[in-house]
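Got some structures for you, see below.
Shared between the two complexes below is chain A, which has chain B as its partner in the first and chain C in the second.
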Partner chain A sequence: MTELKLPSLDYAALAPILIMLGAALVGVLVEAFVPRRLRNGVQLALALLAVLAALTMVILNADDRLLTAGQAIAVDGPTLFLQGAILILATMALLLIGERSVERGGAFVAHAAVTAESPEDRRQAEGGGGTTEVYPLATFAIGGMLIFVAANDLLTMFIALEVFSLPLYLLCALARRRRLLSQEAAMKYFLLGAYASAFFLFGVALVYGFTSGIPGRTAGVDFATIHAAVADSSASPTLLYAGMALLAIGLLFKAAAAPFHVWTPDVYQGAPTPVTGFMAACTKVAAFGALLRVFHVAFAGAAWDFTPVLGSVAVLTMLVGAVLAVTQTDIKRLLAYSSIANAGYLLVGVLAPSKDGLSGTMFYLVAYGFSVIAAFAVVTLVRDADGEATHLSRWAGLGRRSPFFAAIFTFILLAFAGIPLTSGFTSKFAIFAPALDANQAWLVIAGVLTSMVLAFPYLRVVVMMWLSEPGDATPTVTVPGALTSAALVIGVLATLVLGVAPAPLLDLATGAAEFVR
Partner chain B sequence: MSNFPFLSVLTVAPLVGALVVALLPRRLPDLAKLVAFGWSLLVLVLSVAMWIAFQADGDRFQFRESYAWIPNWGVNFTFEVDGIALVMLMLIAILVPLVILASWHDAEQSKRSVPVYFALLLVLECTMIGVFAAADVFLFYVFFEVMLVPMYFLIGSYGGHQRQYAAVKFFLYSLVGGLFMLAAVIGLWVVGGKTFDWQALSQADIDVNTARWLFLGFFLAFAIKAPFFPFHTWLPDAGGAAPAGAAALLVGVLDKVGTFGILRYCLPLFPEASKWFAPWALALGVIGIIYAALLAVGQNDLKRLVSYTSIAHFGFIGVGIFAFTTQAGTGAVLYMLNHGLATGLLFLVVGMLIARRGSALISDFGGAGKLVPVLAGVLFFAGLASLALPGTAPFVSEFLVLIGTFTTNKPVAVIATLGIILAAAYVLWMIQRTTQGTLNPALTEVDGMRRDLTLREKIVVAPLIALIVLLGFYPKPVTDVINPAVKATMQDVGRTDPAPAVGSVQEAAK
Partner chain C sequence: MLGSVWLLVAIPLVSAAILLLLGRRADRWGHWLGVGAIGAAFVLGLTYFFQLRGLENKQVQLSLWQFITAGDLKVDFGLLFDPLAAVFVLLITGVGFLIHLYAVEYMAHDEGRRRFFGYFNLFVAAMLLLVLGNNYVMLYFGWEGVGLASYLLISFWYGRPSAATAGKKAFLMNRVGDAGLAIGIFVLFAQLGSTQYEDVFNGVGALSQTTVLLLGLLLLLGAAGKSGQFPLQAWLPDAMEGPTPVSALIHAATMVTAGVYLIARSNPIFSANTTLQLVVVSVGAITLLMGCLIGAAKDDIKRVLAWSTVSQIGYMFLGVGLGGGAYALAIVHLLAHGFFKANMFLGAGSVMHGMHDQVDIRRFGGLSKYMKVTWLTFMMGWLAIIGMFPFSGFFSKEPIIGAAFEREGWTAWLFGGAALLGAGLTAFYMTRLFVLTFHGPKRWTEDIEHPHESPRLMTIPLILLAIGSVGAGFLLSTSVPDWLTATAGLGGEHVEHEPVLAHWLITTLSLLITVLGAGLAWFLFRDGTATEPHPAGVLVTAARRNLYTDAFNEAVFEKPGIFLTRALVFLDNRGVDGLVNGLAAAVGGGSGRLRRLQTGFVRSYATSILAGALLVVAAFLAVQAGWLA
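And now, the complex of A and B:
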């Protein structure tokens, strides 16, 4: 029995994670001790302050390239870049979550456990305070994501996965309106998420078994050991392939890649829209951060084996997302399928095993996150007496009623369609160019073809908003409060700036594009 | 004067103008029109100054400017023009003020904002200038795609019948082509040494097979844009639905981006592939000439008819480009200019006629010449120019294309000549059914048909008529500018003319 040695902790490097988790705990205490009427303000301020403090620490740590906490956490370029991205996007999401002036009491219901559609439930939908537990839940989720992108062994990664997934399941169930949809979404997400976690865990076990075959080295699930095992393990490669496949399933589920995407439209539609935005932006960053690390660090040596499989998944994902987006009639479902297709494009970036590929993927994650949160911010504003009007037919003639917001949404849709001078174009370039450089022409061609298909649903929304005559059913756009406005302005400006002058962020991403092992 | 940054100023100026116009209050539509018109005149003045500063016997590319944009990918704001691009820039600068003047009342018929209409026209001008002035493939692609957005809204928001369908079809077709080009652009970047600079790329050594694929990517985008048969189906819809002014810019300038792109990008960058694909391109051109002309004969909608005639003319341009002789090439470029003038005029006049009658159907007219004689006369002239009557500018270009093609490919030239006969058929028959013959009694009941050309409309058509006649008799100033650029392009492809070129061009021009 070897002696147990306490791992040394580099507190400065871990600070962003510790701050977020600490703030989440304080948030729970706030729930217990702060009077109800003050809670919302206090919680929002606490969450925002925590995110900003964590972001400051990320910036201060910018030059760190180290492993800490007994090799469990890697603080390197990609970690810091992605942590920064998650924190900035989370700030926008928190602003949306904190919005109270668009709807009385906010987008969240006070008592999620009340039977849906019961008289009491209808009463609480009409007004009354919303729950403030969303802030600690969101903060926990952010903390989990920060660990997820930094995890340097599979067990830490699994724990982080659970830490950020469980609060998300709960957050999905809290929508003020359309309670049944919301509860269904949460249930579905939870059950499928649990399966995915089980797959992931089983994969960890198989990979552990595979690593036991290295001569003269103990088995383990840290990435350095796995990397060594891929090179010269004497164990059966079946263990490796099966383990890799199971791990990939767990991660691709979170990334919303086909065929593990089926939860996405339902959950995106049912969840409160600010939470949907949070998931679409931050969960995507976290999931792809983990995918990048697992496949570029741990399994880099097996690239020949996983590239065709992941490539097929990428093509399938792009196809499914693009083709099904065409048939959607609900704006949130449309954005969900678009997010699936974008997962496919991101996978193309993951499969370009070069510095450019890594930096391009990270650039794409940031650019897409900004746009998608802005898109969902607009969705929260288009509403009628029953809450958000998400059916596409209701958006007809919106350009006439509210040209400003219709113009903003058009701009975001053009960005999604990849029109130049928006971040959508530069990010597509950032991903396709390294992929072509890595001789993955088929992925690029699939990406281009599906982009064409995907342009159609986006254009259909533009046509709806501008070229159709407004009907009686056209909802008005609520004047946004300061918080939503802030999120919207950040998102739209970022989409424009990253499209017109992407060089600074590209420099940052290129400088960060190196893993430590 | 030649140190003046003409190209960047020319590109940015309309955009600034568009912002100014868009920010004017909606209550002051007349002010918006005046500002937009004045601004476009300013651009015209600048363009004329640039034309004068351009040295026809100087370097192939002039007015080069280059500013860093995205150093990570080697993208620069690089502008420069050769004679071909210069001619196209002039065409834009001339057409836009006339279109603004011709569209004076167009936007009021829709319920939408008048200033925005004129702002969109100026944005369109900015992107059109940018696309011809760019010498960086990435920059070219950016303008190529962004150009769709203002045109989409011009058609979709201010167009006529079926405008939504037409706008979406236009956008999707162009976007599909553009995305194929994007794949090719990225491919070119990878094999060309991670640069987008045209000069550097034209020196790049590209594997034969790769070059063919890249050529296809570019060619597809340009063939859709131009449009060549069989990628043409969006144009009649878009041209038919767009407001007349926007339609004049659409076929007059926007579509030239396709043929210009082939000349500037496909031929010099992929010379071997161009030769390899030339028979196919020639076939598409010839089929387009005959097929579109036949369809034009059968049209009952004036704007759709003009759109089909354009497709036939683009067939001629395509044949001229892929014949690989300096004569045919010069003819093709000259055709790009003349077609812009003649078809632009035809679209504007047809638009005036339609605005009066309130219908675009030929069967709703008949004997209109008795009510609006001057308008009918202008239509007649525009029609004759369009069918390339000797003495009008298009004749020179069509003739150059045909003789230039004849020296290398006789069957193609012979079949293409048939297109001239068909052109006479569709133009004359259209004229006969609208302005000649017995007066359609329904016409006398339409108030608009009692007003002949107003002063504003006369100012619109006069410069175009003058230019068409002038260039029909004396095209030398333009051919002098075009010739060196075309020759250089043909050298890039590695084709020399079977006969001495310069002398015969000028003789033919005279």
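And now, the complex of A and C:
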């Protein structure tokens, strides 16, 4: 029996991941041992503390540039930047998830078999404040995302993918109202997610086959081996390219790029809105973080031959997102398509193989994350007796009823549309400029044109809110609790500040824009 | 202490912001805040003025922050307080304060009084920025600011179509001039790489004569627009639709003299090209005669005064165009005019106040018995403007006439003659205005029984301004030219040409022609006039129609403009809109069709992912095989 060699672990560098996963495990114990009455508060505090502790560790690790855990985890600039981004955005999402005053009992189902607003449901909501399992689930997902953006080999990446995807499938099913829609969304997400994971895994296998086909080299799926193999001209690249394509498909599915976006509208609409915000912001950061690492670190030697293909995917994604957003009648679906189009813009940044492209993409992820969580926070507030009023016709005249929240939402929509003085403008600029430098003008032209198309659905909502008379069906805006207010304030302020003075964060991103191999 | 000159701009600006932002909450005390802000600015201005006198080099440069940086273009938010700026500051805040005070009572029954004072303070702030800036961009900033305030105040009673139209007219004609000024500033930057006064004046010698001419003409276009000079004079008389204090402050005493300030400030540019000077002098001469002729035919008291403003600014343009020592003379006339014209506008306001807002001088008459203070103060203004010895206009206008006669050759006769003729005509139409208003039989409308004198708050500014009308000219003409010599290029070397006529002869002639004009008017109108205008000869009819300049504008600019607009609208509706709407319809239709692919069935989603996956894999393999390279 061969001796099992344990890899050395740099615990400080791994601390953010360990904290999140540890907190999730503790959360499971809390479910079991803390009385129901206290559970919500304890869980929320635990999750927030864990996120903050992990964030502190990320900041303390800011200068780390190392590989650890047997080369499986890379702690470098992009990792730390994206981990920080995920943790900050996750804080906002946790605040939304923890909100209990907008709706008594919260947005999450108390017991799957109990109908919403039935006496039983109300009793459960008052007793324990909805399902508190959401906190450990969300914490697991965050931990998985932290591994995902740090993974330095394809198998670790795959495990991380599953670690953060499985809790998300569950979270999607937990909506208290419109429960069938929610469960259907979760089901779809799960089935299609499993399907995409299979693509990813098959890609891993093909890449492994590619590396093992080179005489005199050890086979492996860690990025250093892949990179060396790609550089070695003696290998047959067919397996490599097929493998790359399959890996890309798996990642593009999570990133919601066309034609792998099909799940997005249904899932965004069906999932509880705080979870939708969480997915739109954090999943996007994680997916693009992984894409960046795979293409910049593992396959960089393939000389970006694949740019035209992924560029076509980007253009298709922008087109599908923008064009389909035009006819949407549900605000959550509209935001879903907007999120798809934004995946297209982000791909433009991924395809600019320069330091600026890398930092621009990371900046975009952060800026977009702040805005999109703020947008979904407003969506949680516009409600009537049946919960959130998401049909667009119901938003008509909202500006008269609740000018303050309508103004905030208008500001966020303008940011999405890329109007100057919002982060939407600076982030688009940060992505398009390096793409132009990399001679990808066609992507930029497509980006600008689709932005114009996309401005229409945004402005339609603005026009509807401000220029229509409020009708009987116009819902009111619920006064947000402290948690939602905090998330909203952070999101809106960040959108404004990053639009007016983007330099500090851009500098930070530029400083971090270097992978270790 | 002089480092805080920026306060002059900041105080009225903050006050304006408070008045406009607080809304109705400030209605009760807002006007006093407005008056106080200008009063404070005046006191500050006086302090700064005395401190400036104590300085050796008589100027203070202040660079507050970098306003614009773009490539090579660097523009400071910088101020320059020098003798020229100082006299303007005193004029703007001093006369401005009195007019603000007057307006408290004049606007007392107007619902929009607070808004009025907000705009009024905004105007003062912008005007002070205009004269205090140390580069052309700052000047332009203030220039547009006063333009905005002027527009807001002309159409202050926006409910009246005539006021709204007048505001638009002023705005549009000013745009023509402003475009000239803006392009002039672009030329400066392109040729000299800076808009800082110092750099420009030092660099102007190196420019070619053609460039200087072009530059000067562009600046002149801006100046003519703002100052209501030929050919952009038509907006100024219509601007009288605004409340009377606005006419007094903005459209008589201060803003409309900005053009004169621009030329005086840019004197190194204008002195560098003789053709340019000839153009400025011609514009001045044409305008001054035009203003007199039209002023003599008008019946609306404020419009007569407006045309007289146009004409008097013509004198100032004549002065600045003559160059050399005449720059200072023009500034003296500008300051003196600020006093007596503000005095007369406020007097006109006082008359209207007592006569139910009647403005037709054919319906006045005999008011001297009923409005003693207004009558006497207006008389001071009248004597000052016609240039009667020893009133202020005599000391300020007569030297300009004299300077015009100092030109070389036949142009001395031409421009000197024009200035002299203008003096006679001025005496005629101002006397007509004065006599028809205050003397002769009553021709009032039936509803007026006993016109009342205006309240104290209105008469005190009148009295103070009347004192200025009497004494200002003499004091200014003896002190200001020396004072201004410290400003770049002003006053300094007096180009001595022997005048074609002896000085004493010119003075005697101008006094004589003034008396003649005034006497003729007194004789003709001492018994009043018909209450309706009679058909008259060619000249009077032409003058009543503003010498057909409006008709000219209408035929040459408005009609083709309307045609062009219609053509463009047509093109826009059919061509551009068609394209845009077509595209929008295509996008919407495409969206609707694509939406059907989003069936909600997992099986079809999986199929589409599979199809996409096949395509992507195939494409990657195609790349690998080199098919897409």
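Rule of thumb we're sticking to: the second predicted complex is superposed on the first by the 489 of 517 C-alpha atoms of A that agree within 3 Å, B and C clash if a C-alpha of one lies under 4 Å from a C-alpha of the other, contacts with A are read in each partner's own complex, and residues count from 1 in each chain.
The rule is short, and it goes like this: a residue touches a chain if its C-beta (ideal position, glycine included) is under 8 Å from a C-beta of that chain, and two chains touch if they have at least 3 such contacts.
Quick caveat: nothing in here was measured; it's all calculated off a predicted structure.
Overlap between chain B and chain C is detected when the two structures are superposed via chain A. By the touch criterion defined above, A:L436 lies against chain B but remains apart from chain C after alignment on the C-alpha atoms of chain A.
Within the superposed three-chain model, A:P420 lies in touch with chain B and out of touch with chain C [touch as defined at top]. Of the two partner chains, neither chain B nor chain C is touched by A:T56. In the superposition on chain A, A:L459 makes contact with chain B only, not with chain C.
In the superposition on chain A, contact of A:D305 is made with chain C only, not with chain B.
Of the two partner chains, chain C is the only one that A:L246 touches; chain B does not reach it. Look at A:V444: by the touch rule set out above, it reaches chain B but stays clear of chain C.
Taking chain A as the common frame, chain B overlaps chain C at a single listed stretch, which among 57-65, 165-173, 201-209 or 363-371 is 57-65. On chain A, the surface patch touched by chain B in one complex and by chain C in the other comprises residues 456. If you check the complex, the residues on chain A that touch chain B are 414, 417-421, 425-426, 428-429, 432-433, 436-437, 441, 444-445, 448-449, 451-452, 455-456, 459-460, 463, 466-468, 501-503, 506-507, 510. Across the interface of their complex, chain C is touched by residues 187-188, 191-192, 195-196, 199, 237-238, 240-242, 244-246, 248-249, 253, 258-260, 262-263, 265-266, 305-306, 308-309, 312-313, 320, 323-327, 453, 456 of chain A.
For chain B in complex with chain A, the touching residues are 69-73, 141-142, 145-146, 148-149, 153, 156-157, 163-164, 167-168, 171-172, 175-176, 179-180, 182-183, 186-187, 189-190.
Per the touch definition, chain C reaches chain A in the complex via residues 584, 587-588, 590-592, 594-595, 598, 600, 602, 605-606, 608-609, 611-613, 615-617, 619-621, 623-624, 628-629.
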